[in-house]
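Here's a structure for you.
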Amino acid sequence: MSKPIREADLVPRLEGQGYSAEALAERRRWIEERTGARLAHAGSSTIPAEEMRGNIENPIGAAQVPLGLAGPLLVQGEHAQGVFYVPLATTEGALVRSYERGAAAITRAGGATARVLTDENRVSPVFLFENAAEAAAFSRRLPELFEGLKAEADATTRHGRLLRVEPLPLGREVVVHFAWWTADAHGMNMIVKGTDQACRWLVEQGHAPRYYVFSGAESEKRASGALFAGGKGKKVTADVRLPARLVRAYFHTTPAGLADVWRRTVLGHLQAGTTGYNGHIANGLTALFIACGQDVANIANSAVGITSFEVVEGGDLYASVTLPSLTVATVGGGTGLGTGRECLEMLGCFGAGKAPKLAEIAAALVLGGELSFGAAIASGEFVAAHETYGRNRI
Amino acid sequence: MSKPIREADLVPRLEGQGYSAEALAERRRWIEERTGARLAHAGSSTIPAEEMRGNIENPIGAAQVPLGLAGPLLVQGEHAQGVFYVPLATTEGALVRSYERGAAAITRAGGATARVLTDENRVSPVFLFENAAEAAAFSRRLPELFEGLKAEADATTRHGRLLRVEPLPLGREVVVHFAWWTADAHGMNMIVKGTDQACRWLVEQGHAPRYYVFSGAESEKRASGALFAGGKGKKVTADVRLPARLVRAYFHTTPAGLADVWRRTVLGHLQAGTTGYNGHIANGLTALFIACGQDVANIANSAVGITSFEVVEGGDLYASVTLPSLTVATVGGGTGLGTGRECLEMLGCFGAGKAPKLAEIAAALVLGGELSFGAAIASGEFVAAHETYGRNRI
Amino acid sequence: MSKPIREADLVPRLEGQGYSAEALAERRRWIEERTGARLAHAGSSTIPAEEMRGNIENPIGAAQVPLGLAGPLLVQGEHAQGVFYVPLATTEGALVRSYERGAAAITRAGGATARVLTDENRVSPVFLFENAAEAAAFSRRLPELFEGLKAEADATTRHGRLLRVEPLPLGREVVVHFAWWTADAHGMNMIVKGTDQACRWLVEQGHAPRYYVFSGAESEKRASGALFAGGKGKKVTADVRLPARLVRAYFHTTPAGLADVWRRTVLGHLQAGTTGYNGHIANGLTALFIACGQDVANIANSAVGITSFEVVEGGDLYASVTLPSLTVATVGGGTGLGTGRECLEMLGCFGAGKAPKLAEIAAALVLGGELSFGAAIASGEFVAAHETYGRNRI
Amino acid sequence: MSKPIREADLVPRLEGQGYSAEALAERRRWIEERTGARLAHAGSSTIPAEEMRGNIENPIGAAQVPLGLAGPLLVQGEHAQGVFYVPLATTEGALVRSYERGAAAITRAGGATARVLTDENRVSPVFLFENAAEAAAFSRRLPELFEGLKAEADATTRHGRLLRVEPLPLGREVVVHFAWWTADAHGMNMIVKGTDQACRWLVEQGHAPRYYVFSGAESEKRASGALFAGGKGKKVTADVRLPARLVRAYFHTTPAGLADVWRRTVLGHLQAGTTGYNGHIANGLTALFIACGQDVANIANSAVGITSFEVVEGGDLYASVTLPSLTVATVGGGTGLGTGRECLEMLGCFGAGKAPKLAEIAAALVLGGELSFGAAIASGEFVAAHETYGRNRI
């Protein structure tokens, strides 16, 4: 059944890997001929072709995702302070309206408080030993090796720095969390490189026979219970206290109504074995990530979060959302490309020193979305809202 | 602290909710003035403004995400048969190259077999009763109410149909899975509407005092263990048998090397309490979803999957990937908009009757990515590959 | 390093596997000589030695666990109706007092309602195929094979019967849940035998090349999210409505106090990635299982449960507990041995037809324990209670 | 419906809470009259009645569980060295034989290596603040409060000591792990008391307004993903390398056969959303716990573990088991009572300084059980073994 792939069947790489406008056009023609599809929209990318180098291979243009604004969103953070209008890229009708409603209610109530609680990233290689005794010995010896490890690791980067290592022995294997500070970058490439260098050093020095640079225990781009302990991106929280009259005015329900939805749906999540609990954090975060040039696949870990609603003294609503593993960046990756950069600039979040600010805005945004979604359930208006704003598709 | 929001601080809705090209431009000017950002790229959207109605509110243009091609990918499915070139939208350098490598190896080996195992979607409302006795009685009575429920539910849609209902009683509450067939649409709006109508009927007929249309147990846009039992989108699998020489040629490792990475990283995932096990399914799926106009937030459930590598008779590699909750659509949502439609057409997957085909291609694509990622770990080339193709960002 | 084990170093099996009183004594002397321990208590077993055959090998006597009574516990079930005094075997001081307090409060409030929601058990073999296509074909063919399977399976037992089979394909493997009704036995031996016979038949008939009789997906004696869907033992629930004055009188707190503990500790469980949510279900169930001759290792699945507290109209407390996977028996296993039988008789639960009754009592008991534990947290009396009743051990 | 409970309906407490032999007898007569049950076996307890004080309330005697021996088990630990015969209390036929087989094979291969990797216990109270800003501030201030906390906590006990505190902020709440060293006791009563004292001090000093001493995040007596990070009891591992000929001789299968069972059943566990992966750890640990006077409800956390089988160079089998949360004690609780003490003495594990030794023996025992169980699946002999040794109950 197996036969060689003809050169003609490979996607054309073209000169210099093909990052000129002409190369993109040639590749588009190539695929149009093969498939009959016409790529007028895809070819209308305004990102200078050469700028795509390092972000994508075999480029043919850009995908376009409708972009809208949700706001005003008043944030009372340590890094983000003031009113924001949040760019969201999505094709799900009613999503922007829902987040806008939540943002407005929060703003009306004086804003959402937001805090970055921990801020680091990790790579978790696994070291393989002859037996459990050697693995245990390595785990115990690791603290005294830290200075050497750190010297090797930090030498690979001007921006990140290794904070600590934590061994997780299991039989004859030892997973080691390498915890890094990555400044305003997501930084996975950076810290994988530094971690790999440190691992090589351990092998060269005879401390371990071999390793794989990923073990899966890092939980990069996956949902896991381990995310709640922090360490994979920023742990950030946002909260607000909403007077009952605002809950009624904006959400057509009561604080008790929202608290009741919360408790019932917590039970639903527990029965499903969900990682965490929330209404629809994935919706707002994904739209924010696409808009702001983030690594969207990190939604898998970033959308794990815990939302809380309760009635407090005076009959007001207290609401919070905590994202234990928000991986956002304001430098590197897609943050400098076309619309990504524009959207970050809209938030005053482009470039160095801005990642914590973006994290606080994201948490406040998501808080608004949780309120709005919960209210749609509580008030029974969910279907009506989607009838009004969504496409009556079918 | 709280004061009214001034009209001027609201995002301009403009006439008819503002879906003309002028409305988008006006909204862009409004936000540019407020923030100082310049939205040249965002304003270069080629999606006709009016077509965004139903997909987004407060539109200002479109986000652009670099789009590349991975292929050839030979798929031996029941719906997808032949060679495909898969459009991927991402800003993560090396991702397309990684999936391309996997696709080529699969193709060289005769293609990936793919199967859609189950195909449905669900909404899981929760009904609230006075006490556990009444809740239990309702659960037991539900089978005999099915015909009535189905009549109410099916009357709300021309495309979906209610397949069955499954009660999950818990104390005085009963979550009920409403399982639907949704044809080629993701269909959440459709089936929420139908389910809501059936719920109202239950209340009107006196079978239940009240309900919330979502309980969280449906696991829409969230990772959960319950996804593995199926019922939230398509359950799809793909596999391939790779001769050892192809593993060496394409991946610079051996079948035993990949099997070893598999077993070590399974242990890492187990320790992290991950939902499922895989290398980086989120990467390829997210890029495919953005390209093809899918609801990208569904990555939260779709990227939950289980990858398997093993050495088989003859020393070959057997590899499979199973996605228990792939929510893809070829009609509705963003599938008809600009680049989304173009990318679906590139795959021969636009329109009615094509969703199972898209699901098979997605599974085969992901299989390639799993092979390539695993191999990068096994061979120790992960860092080098990202040095070559990724942006040396920092 | 390896050398043969001398005959003298093996535990003496003795004649007929050594189930006479003399054999037990001889084995005790043997181990006493080797270890210097004196086994006066262990040798005081009153279980006739020969009756241990089939329940244990290499017997030397019996372990003794202190046995106490918690009650009165008024149960309003479908199978259990009236007041019960529940035997609990434990060495944890304050445990019986805690459950007694909960039972008394429930009784004072008119009793706990209890319902068995589903009642079955399962074995989940995994079948191995050449590739995913064959695995998918087998999954699809399974419904039409059911009659044949059932005939094979049911022929192996006079008591159980196969209810249905549910395939879970994954790559080239197919896990199949064999769902059985097991009458009043736990029945694992029975249904493993029947399932194995059905699997052999499938292989003989050429439907599958090979299988393992356990896949792990059955979740026997392990905690898993899959338990909440039911199918591994009895799913049972109990609830009660407690007037605020009884909450104060018995628990020194308020309905709002208990509801507050509930919501805070739910958040704690979510962060830990716990399977389910409850206060200390494992405590009461374990003590009940040891007392009543149950298979105590089944605590691993049985103690997975969800507790709920809420304030309802009138300011009363509503409390429920749901155990999705309670594996209790009133025939077979250790139910007929010495104290096991006596304790079952104390509850009117010995023998055929009584397992659902035992399940209802267990759920009501656990509900009392949850109330008492939650109250100890809410009132801040937890430490004081353990000072009073627990051993000031160290 | 509610009416007072008559004094006569309460379990008689009797003088001094009723811990004399006469009191037990009187209570037995009382329950016999009420229920018609005869408690000859339960009344044959040889534990001096007064010694039950602090371990149980309302005592009526003792439950008897058949006790058998599994061994020889050769352990090469740091604390346990030599051959052990392990007392197991169970009513599940074939269990002792299965563990005996595994122990013998391990012994024949030169013994199991065992290591205690971490050794601590924790209580995780939750502190409640006005809002997220105050909660974050508390989390950040915690390190500087540690000395004060430790002084308060350590003053409550002569045996334990507080090692560190770790905050987990979430919205306006902060769970704090209080990590303790508890010497040879399980120590929950001890460390809850010490933690409670430290919490009171925090409130008195104005650092926090209020708290609950348990948040659920401690994972005491429950299965959770968080257990794999350690901190709840002892993390212990055991491994062995078995030559292929011993695998054949003892287990009637091959190293490859066991490795195959491992990989298939890992997939089954992943689909079930199980916490960890293992064959039947709960079986052996439960039997050991009942025999040795442990707190058996801790099976819920202790039986969470990860087993690993693989074929290594030379075609041998490598097997390991890791228990991340083994809560065993050799002082306090039921360790000094009758059979509990005798069984600990049989293992040379009674009293101070012996808990790590018991942990190593437990891990080695469980390793044997995993091998034997896996082999029964691999060889297809599972059903036959239970036919031979189990009770043909029904």
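Labels for the chains are A, B, C and D, by order of writing; each one numbers its residues from 1.
Here is the rule we go by: contacts are C-beta pairs under 8 Å (C-beta built on N, C-alpha and C of every residue); 3 or more make two chains touch, one makes a residue touch a chain.
Quick caveat, the model's predicted, so the values are computed rather than measured.
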Legend entry - Set of chains adjacent to subunit A and to subunit C: B, D
Inset, instruction - Go through A-B and A-D and name the pair with more C-beta contacts between its chains. - result: A-B
Inset, instruction - Could you grab the centroid distance between subunit B and subunit D? Build each centroid from C-alpha atoms only and quote it in angstrom. - result: 41
Legend entry - Whole-Å gap between the CA centroids of subunit A and subunit D: 38
Legend entry - Centre-of-Cα separation between subunit B and subunit A, whole angstrom: 16
Inset, instruction - Give the residues of subunit A that touch two or more other chains, as numbers and ranges in rising order. - result: 168, 170-171, 224-226, 228, 266-267, 271-273, 275-277, 306, 308
Inset, instruction - Enumerate the contact residues on subunit D facing subunit A in the complex. - result: 113-115, 117, 131-133, 135-136, 139, 168-172, 224-226, 228-230, 235, 237-239, 241, 273, 306, 308, 318, 320-322
Inset, instruction - Would you tell me which residues of subunit B are touching subunit D in their complex? - result: 224-226, 228, 263, 266-267, 270-273, 275-277, 306, 308, 310
